[in-house]
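The two complexes that follow have chain A in common; it is paired with chain B in the first and with chain C in the second.
So, the complex of A and B:
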């Protein structure tokens, strides 16, 4: 099952498109990381997926075909918006009670225990909590709803490094225990490397890359060799990004597998998620390299590389 | 690690049954607590004030009710009672009447405009609108609960104010159909309060800002009040046309007062239209030197001029109240529907 499916999705504010032509299928049971610079369209996609805003074009469905914002979708999707909005004049306990009233199911003992564990007093006004505590409160409320899809818009931004780790640990636990699917946006890619199963890269209102992290890493290599040969080598490969130095040149290339032959005199290294994302973001800014995603067409993403985006059936991973 | 006490939601192919409306009772109370406490508290405080001063006003009024209104026909004792009433009771009553006229829009702007605009200003709509209860139903529940509470409070307060202001109908020569009095009575006062609240909520949703919505609510409400005054004479209640003497002049008034006169014209002997200059002269004469016993109508009759009035009798008060409260209620419901439509349409 796909937890999120979009088709030709677009959102226009006034004359400018915040998101355009986005066709995407995110498999269930994974942590999907949505990355890209500010203003790339991440929040726009999340708002439409959560049912907050209405697409200008195209469609978005969640949890296996429910229209975003429909009663079934609202029931099964929990959304923590950017800056974790909570009612500042309500106490943490009131926020719990409020969320319990507004939802079909709410695990009050879990929420109370989690807040106690985090040292967030129930009597304290939400507005008096630190930014990190407000984020944790919002996450607790969302988790206690027992959603099947949890959407987190820049949840790490307000947190210090330790709190970030704790926050991600809590999210991972929910995934492991409940099989909750997560869509998490961030512009800090490095922190997501260990946790993300699925990567979605946005830039300039367009989808750039979408695929399982392992596959994406597996089919990208960093080739390092003499600059003199760079053009010849590059012409035979699918180059995403070229970093030319005086003597040596780094080519981030897409391969068909890890055992592709390496040109003589060149070294091949695996790439990190951050390098991969940065290369694609640079490429999308018109520097070089092809986009991995051709949004049109029913099979979501057709790319030169092997199975960058899996058909829905194949992606039921056993977690 | 924190233990989950509930299983994860099962996969559902169909929409879950909607959450019962009663789930919104506590959220509405908690989020609108400022309104739901302050409005009754202010009204209760003002009610105590009105009760205390109302008793004094009624006491003063009981003493002068048998005095003629015309200063020329008043004895020294009556003149003293009037002067006392006009210098102490009237200014107070006047201020209260002005505030009463503004009360619906004050309540409406302060309770209605922030109801949804605050969520949009603070960004909390991104929390509220993504909960399982659904955004439209949340808006409907809040508008209904707060609106009904305000209307009931306003209705009760209007009943008290009617008692408080009754003496001024006589001293100010008004009646229950006088525009400013009709507005504050019976069903029309709570209906105006409800409409002002709905205007506030609608404009708050439209502008997404509290302060501009409050300011605009004031303007729209005042326009609506003037509009209501303009159409009130056209309500389908039977108006009466006749040449009967409706006044006791400046003699002892006929309580509960004279009817609401829509227009007046004069005929001369034989039913022909009266000479306007003659009539004007007679009217001026009477105004500068009113007869202590004879009314204007009878003074004119002595000169062969018949006064005709088209008027709405005071007995039409309740039918007119029902008509006005009815269309105001329809307007309030239309505004609520438009507000909910905006909630559905307006996106992040």
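So, the complex of A and C:
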């Protein structure tokens, strides 16, 4: 079952498209990480998936075919907006009371037990709780609705490292306990490596990459070798990003499998999730259309040391 | 959030810089614990939930590691209980280990005599190791699988 499916999904605000032509299918039971720069379309996708805004074009369904925003979808989807959305002047206990009365099937004993376990006092005003506690309170209220899909918009942004880890651990534990699917957006790409099953990269309102993390890592390699041979090697491969020095060049390439032969005299290294995401974001920078991969052209700048020589980058520099 | 540790024999740790996929690190740690005798047949592996909470990793990663151990015949899942060690990996006895270590130290001394430094020794050993196991295809894997089957039987 796919927990989220979109087809030709787009959202326009006035004249500008916040998201365009997005088609993807996220399998259930996984944590899908949504990454990309600000304004790339992440929140737009999340809002439409949660049923909080209506697509301009295309469709989005959740939980195996329910239209986002329909009663069945609303019941099974929980959404935690950016910046730990709690009412600052209400106590944690009042928030719990309010959420219980606004939702069907709210699991009050679970929420109470979880807040007690976290040491969050029910009488304290939510605004007086620490940032980490506020986000845990928001997470608790969302989980107590017993959703099948939990959408978390930038939950880590405002948290210190310890609170970030505690929050992620809480999300992972919820996954282990009852198999809830997660859609989580974040800028902390390095932190996502161990938690994400599925990766979705957005840039400039377009989907750039979507796939299972293991598959994506398995089909990208970093090749390092002499610059003199770089063009020849690059012409035979699908190059995502080229970093060229005077003598040595790094090519981040997409392979068909891990057994692809390495060109003689070149070294092949696995890439990290962060390298992969950054390479695709840089490759997409300045391109209007969706592109999973970006063919590397010949370098325009040879003199400057290890420079990024993406055509798009080049345009920026020349401007 | 408090992490309630199970009374499992081992605790996992992760090396973020190793470049080894997380699930494989878990598999390798169980295999190492088996070789060193920290784990014995019948021992319970840490519960998925506990590993997830302690390491902040995706539960599917832990499940993948445990499936791999089951596939190798080293562990077996018991519904509603957890995953348990099923087989042993061949252990070398302590006197044998001591003997091998003495031989190795002798070899290291002769390598130093001819002027090989630490990096040179590591490089030579790594390439020798690679060649040695390349000439005996899949010996290591076959060995592991055999022990697995013995354990099951």
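Quick note on the criterion: the second predicted complex is superposed on the first by the 287 of 319 C-alpha atoms of A that agree within 3 Å, B and C clash if a C-alpha of one lies under 4 Å from a C-alpha of the other, contacts with A are read in each partner's own complex, and residues count from 1 in each chain.
One rule holds for everything that comes next: a contact is a pair of C-beta atoms (placed from the backbone, for glycine too) under 8 Å apart; a residue touches a chain by one contact, two chains touch by 3 or more.
The model shown is predicted, which means the values in this text are computed figures rather than measured ones.
J.: Quick check for you: in the superposed arrangement, does A:214 touch first (chain B), second (chain C), both or neither?
T.: second
J.: First (chain B), second (chain C), both or neither: which does A:194 touch?
T.: Only chain C; A:194 stays clear of chain B.
J.: For chain A, which side has the bigger count of touched residues, chain B or chain C?
T.: Partner touching more chain A residues in the overlay: B.
J.: Just chain B (first), just chain C (second), both, or neither: which does A:113 touch?
T.: First partner only, chain B.
J.: Where does A:227 make contact in the superposed view: on chain B (first), on chain C (second), on both, or on neither?
T.: The answer is neither, since A:227 touches no partner chain.
J.: Is A:256 in contact with chain B, with chain C, with both, or with neither (first, second, both, neither)?
T.: neither
J.: Between chain B (first) and chain C (second), which, if any, makes contact with A:173: first, second, both or neither?
T.: both
J.: With both complexes superposed on chain A, which partner does A:145 reach: first (chain B), second (chain C), both or neither?
T.: So A:145 only meets chain B here.
J.: Of the two partner chains, chain B (first) and chain C (second), which one does A:72 touch, if any: first, second, both, or neither?
T.: Once the two structures are laid over each other on A, A:72 reaches chain B alone.
J.: What part of chain A is shared between its chain B contacts and its chain C contacts?
T.: Correct list for chain A: 117, 173, 177.
J.: So in the complex, the part of chain A that touches chain C is made up of which residues?
T.: Touch residues, chain A against chain C: 29-31, 117-118, 136, 165-166, 168-170, 172-173, 175-177, 194-197, 214, 217, 269-270.
J.: Give every residue of chain B touching chain A within the complex, in rising order.
T.: Answer in residue numbers: 1-9, 11-16, 18-19, 23-24, 26-27, 30-31, 122-134, 138, 345, 347-348.
J.: Quick check: in the complex, which residue numbers of chain A touch chain B?
T.: Listed in rising order, the residues of chain A that touch chain B are 1, 47, 50-54, 63-64, 66, 70-72, 74-79, 81, 83, 85-88, 90, 94, 97-99, 101-105, 107, 109-110, 113-114, 117, 138, 145-148, 173, 177-180.
J.: Which positions of chain C touch chain A when the two form their complex?
T.: Where chain C meets chain A, its residues are 1-3, 14, 19, 21-22, 48-49, 52-53, 55-62.
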